[in-house]
Amino acid sequence: MSQAPTQPAPDPRRRKPVVPMLLDKSEPFVQTMIRLCGWSAILFVLAIFFFVFKEALPVLNDLDLGEFFTSDQWRPTSEVKEQFGIFALLAGTLSVTALAMLIAVPLGLGAAVYVSEFASPKVKESLKIIIELLAAIPSVVWGFIGMAVLAPIIKTQLGTSDGVNILNGGIILALMSIPIIVSVGEDALRAVPDSYREAAIALGASRWEVVAKVLFPAAKSGLLAAVLLGVGRAIGETMAVLMATGHKPMTPGSIFDPVQTLTATIAAELGEVFQGGTHYRVLFLIGIVLFVITFIVNLTADIVVKGIKGKTNE
Amino acid sequence: MPNLKKIVGIVALMVVSLGLIGCGEKKEKVSIKGSDTLVNLAQKWVEVYGAEHKDVAFEVGGGGSGVGIKGMMNGTVKMATASRAVKPKEAEAIKKKFGKDAMPHVVALDALAIYVHKDNPLNEISIDQLKGIYGKDRTITKWSQLGVTVKPDEISLWNRQNSSGTYAYFQKTVLGKNGEFTLDAKSASGSKEIVEAIETDISALGYSGMGYKTDGVKWLKVKKTADSPAVEPSEKTAQDKSYPVSRPLRIYTIGEPVGASKAFLDWVKSSGGQKIVKEMGYVRIGSDKKPS
Amino acid sequence: MSEIHSDSLEYYISPGCSGSSSGSADQPYTSLSEAFEKLPEKLVELNDGNTGRKIELVCIASPGVQTKPPKKAKHRFYVDTKAGGVDGQGTELAPWADLVTGFKHLKDQTDQGRLDLKPGQKIRVTMREVFTSTDQESLRSGRELIARVSFGIMAWSLVVPIFAILGYLVYKAAPSLNLDFLLTNPKDGMTAGGIWTPLLGTFMLVLISLAIAAPIGILAGVYLNEYAGDNWFTRVINLAVINLAGVPSIVHGLFGVGAFVLFMKMGVSLLAASCTIAVMTLPVIITSTKEALAAVPMAFREACWNLGATRWQTIRTIVLPNSIAGILTGVILQVARAAGETAPILFTGVTYYVIVSDDWSDKLTAFGLNDSFMALSNHLFKLASNVKGVPDSILYGTAVVLIALVLVVNSISVLFRLYLRSRKKW
C-alpha cells in the first residue's frame, strides 16, 4: 500500500500486485470522474428545467399568462375554441393537498412525538420500521387502494354521489405524506438537546409539559420543515390522485366534489396530444408550474432546516 | 477489500445481463399502437395471431388514437389504431414525411353505448336529451328532468379524458360540430373505469364502447330525435347505422401494407379475426362492407 | 432530613360506642372530638415527624366491623411543617404549620358543629413533604396519561388501517398468489394468466437504471463528502441534490420525454425510461452515500494519510470498505423506488401489452433496449382502469406482488442497517 521509496523492495511484482497498481495509476482519471459526477447533480437540475422549459417555451408567444392562471376553463381539445385555464386545476391540487395536510400534520406530528418522546425503545424501533415501509408503497398502489377500497366505503358510509373525490384523494395523500412528516419531525425533536428536557423535568414539568412548552417551541422550525416536505410530496403526487380524485376540471365547492389536479392532468393527457401542438406545450408549462411550486416549498424547508442547524451549533 | 471484489462481481453481472438484453432483437417488429378503445381487441388479435406466427414480434400499446398516429409519424409505430379519422394536419405531415398517404383499414365497428346502473328505471334517451346532459349549458342535471325517479336525483356524470378518441367522437356526434362538453363531469382514464363506477352508483350515467358491458349495468336505447324509434345498440343496428352513435374503428398504415403487416391485416378482416371482434363485445364489419 | 413515609395511618371512630378506645378498628374512638384530642399524643409517640404520611380517620358503624373504607375522603386537610410556621386554614394552598395546631383547629370545628362524619366516610390529613404529590400533581399526571395515550393512538392509528388494507388486498388476491402467477404471461386480453412480462419489464427497468444511477450517485456522494471543500459551490450542489429529490415524478417524466425520448432520440424505449428513473433516484443514492461516508471516523483517514497514502488510495482501501454497507442500503432503496414508479415511465417507455411467446428463450429476452416494455406498476394501472373483465384475484394479485416486491427490497435494506449497527466497530 505504501509508496515510500526508501523501503527496500526485493521483488516489486510481489509487493505490488497488478490490480491495486492499476487502481493507483488510475487516480487522476478517477478523481476527474468523481468531480464530474459530483457536479452532475447541478447539471441534472438545470437539465430538467432546461428541457421542460424548452418544450414549453414556444407556447408563451400565443398564450395569455394572466388568463392561464385565472381562467377556470380547461378545454384543451375543444373544436370551437381551445381554452387553457388552469385555475380549476390549481384549486384541485390545493384543495386535495390542504385536506391531506389537515389530516397528516396532526397525525404525523403526534406520531413523531410519540415515537421520539413516549415510546419504549422496542416500540420505537418497530414503529419506525413500519412507517418506513409505509413510505415504500408505490403511488399506483395507493391510487388503486383509493379507487378499489376507499371509494366504495366513502360512498356507502357517507352517501355521497362520488366515491372518488377530494376526501378520498386527501386521505390517500395524507397516508402517503405521513411517513415523511414523522421521520423529519422525529429528527427535529431528537435534535433538541437533552439538556432542555432535563432542565424542564428538574423544574417539575411533566412529560406533556416538556413536549408542549419546551420541545415544540425549540423544534418548531424543524417541525415546520417536516410539514413543508409533506406538502411537497402531496403536491407532486401523480398516480394516486389520478386514480382517486375523480378527475373533474371544476373548482370544487365541497370536499365531496371530484377534482382534477395539475399532476393528474399531465399524466392523463400527455400521452395522446399532438406533439408540438399548443396542448402539448401547455402541459409542459404546467410541469414548470409544478417544478416551481415544489422548488419553492423544498427550498423553504431546506432554509428552515439550515436555520435550526445553525442555531444548535451556537 | 473482499467487499470491493464483490462489487466488481455485481457490476460484471449487470454488464452480462445487459448484454443478454441486447440480444433480444432478432425478429421483424410490428408495433400496433393507439386507441384505448381498440387496445384490448388488438391485444387479443395479437395473442391469437402471434401464437401461430412466431417469426413476428408484436407489440401493442394504448394511450389513445393520437399516440398511435404520432408514433406512426415518428416512425416508431407500424400500425396505428384509431377510433377517429386522421386529422387533416396529421395527414399532411405524414404525406410530407413519407410521400405516402395514411391508409385507413376499418377493422371493426364500435357502438358507443349509454350506460346506467342496472336498477335505474330509465330505458331510453334521445340525442337531444344527451346534449342537454353533456352540453356546456347543462339544461338537464337531474333524473327527474328525464321523467324518472332516482335517488339521489342529481345525475352523477362520467366523461372520458379530453384527449381520447371516444371523447372527440361523442362530442362530434352528440353535441354537434360546435358543441362543447360541460366541465362538470368526472373524466375516466379508461372505459372500464366508467362502467365500474356506474356499477356502484345508481345515479350515474356515462358512455363507453359496447365491449365493456357487465351484469351490473345496462344500455339505454337511443332515439335520434324525440319522435324517432328508440334503438338498442347491437351488431345489427350498428352495421345498418340505425343506431346513431356508432363509429368505425380503424387501423392506419403508411401506404399499402406489405409483408407481415399485410398478412396480419388480412387475417384481422377475415372471419378468424372478426370472430374475436364479436367475442370481445365489438361489432363485426358487415360482410357486405368493403373496408374503406 | 427525616425519613419519608408514603404510607397512611388509619384510625377509626364509631360514634356512640363505649369502652376503651385506642383508635383501632376494634377499639375505635367514640367521637370526633375524642379522636382529635388523643391523636396528637399518639402520633408524637411515633416520634418520626410523620413526614409524608397521610393520617386517615375512618368512621365505622360499630367496633370491629371491617367495612371497606371509602376511597375518597369526605374532608381533606393539609399540614406542612416546612411551611415556616405560618398558620393557615388547613387547605392545600394554606396548610397548618404542625399537627398539634391542626388537630386543635379540627377539634374546635367539631365542637362548633362545623365538622361531622357519618359511617362510611373519612377524613384525611396529609403531612406534606417536598416530594409528595399534591392533587394538582395527580391532575397533571392524569393529563400526562391522556397525552401519552392520545399520542400513542395517533401513532398506532397509522399502523392499524394499513395492516387492515394490506390484509384485505392479500385476502382478495389469495387465489392467484402462486409461482405460476409470477411465471406465466398475461393471456386472454390480460384477463387470465400471470404477470411474467410486466414483472420482467420492471426487473429490467430497475437493473438498467441501477447500472446508470449507482456509479454516478456513489461517485457524486464520494465527491461531496471526500473532495468538496466547504464553499458556496458545494452548498449549491447540495441544494441541487435536495431539490432534485423534491421534483415531482411526473415532471421527471416530462424531462424524460424532452431530454431522452426527443433530444437524444432514444424514442419511447426501455433505455429512455431507465435513464429517466436513474435521474429521479440519483438523489437517494447520493444522500445515503454521503451519510455512509460521513459515518467513517476522520481518524481512519488521518491514519491512512499519515502512512503516505493518497486521497484515492485512502478512499479505496479504508473509506469505501468501511462504508460499503451503508452505501448499498441507499442503492437498495433506489431499487425499491424505481420498481414502484409509474408517472416517469408513462410517456418514456412503458406500453400496454407486448406479446411474448411461452418459450423461455423468448420470455427471458422479451424486451430490447430500444423497445417499449411492460412494467408492473403500469400494468396495475391499466388493469384497474382499462381492461374489462379482469378477475379480482389477478387485479389484487398484481397489486400485492408489486407491494411485496417493494417491501421485500425495503426490508432487506432495513435488516442490512440493523445488522450493520450491531457490528459497528467504532
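By written order: A, B and C. Residues from 1 in each chain.
The rule we apply is simple: a contact is a pair of C-beta atoms (placed from the backbone, for glycine too) under 8 Å apart; a residue touches a chain by one contact, two chains touch by 3 or more.
Predicted model, so just to flag it, every value in this text is computed and none were measured.
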With centres defined as the mean of Cα atoms, the chain at greatest distance from subunit A is chain B
Nearest to the mean of all protein Cα atoms is the Cα centre of chain A
Here the gap between subunit A and subunit C, centre to centre from mean Cα coordinates and rounded to Å, is 20
Taking each chain's mean CA coordinate, subunit B and subunit C are separated, in whole Å, by 47
Chain centres from averaged Cα atoms put subunit A and subunit B apart, in whole Å, by 35
Subunit A touches at least 2 other chains through residues 147, 243, 271
In subunit B, the residues touching two or more other chains are 63, 74, 188-189, 193
Multi-chain contacts in subunit C, i.e. residues touching at least two other chains, fall at 316-317, 381, 384-385
Subunit B contacts subunit C in the complex at 1, 3-4, 7, 11, 14-15, 17-18, 20-25, 29, 31, 33, 36, 39-40, 43-44, 46-47, 50-51, 54, 57-63, 71, 74, 76, 188-193, 195, 211-212, 214, 280-281
Residue set of subunit B touching subunit A in the complex reads 63-67, 70, 74, 89-90, 152, 154, 156, 161-164, 167-168, 171-172, 177-181, 183-189, 193, 197, 200-201, 203-204
In the complex, the residues of subunit A that touch subunit B are 72-80, 88, 147, 151-152, 155, 161-164, 242-243, 246-250, 258, 260, 268-269, 271-275, 279
Residue positions on subunit C within touch of subunit A in the complex are 140-141, 143-144, 146-148, 150-152, 154-155, 157-159, 162, 165, 168-169, 215-217, 219-220, 222-224, 226-228, 236-237, 239-255, 257-259, 262-263, 279, 282-283, 286, 307-313, 316-317, 336-337, 339-343, 346-347, 377-378, 380-381, 384-385, 395-396, 399, 402-403, 406-407, 409-411, 414
Note: in the complex, subunit C contacts subunit B through residues 187-190, 204, 207-208, 210-211, 267-268, 270, 316-317, 320-321, 324, 351-355, 357, 364-372, 381-382, 384-389
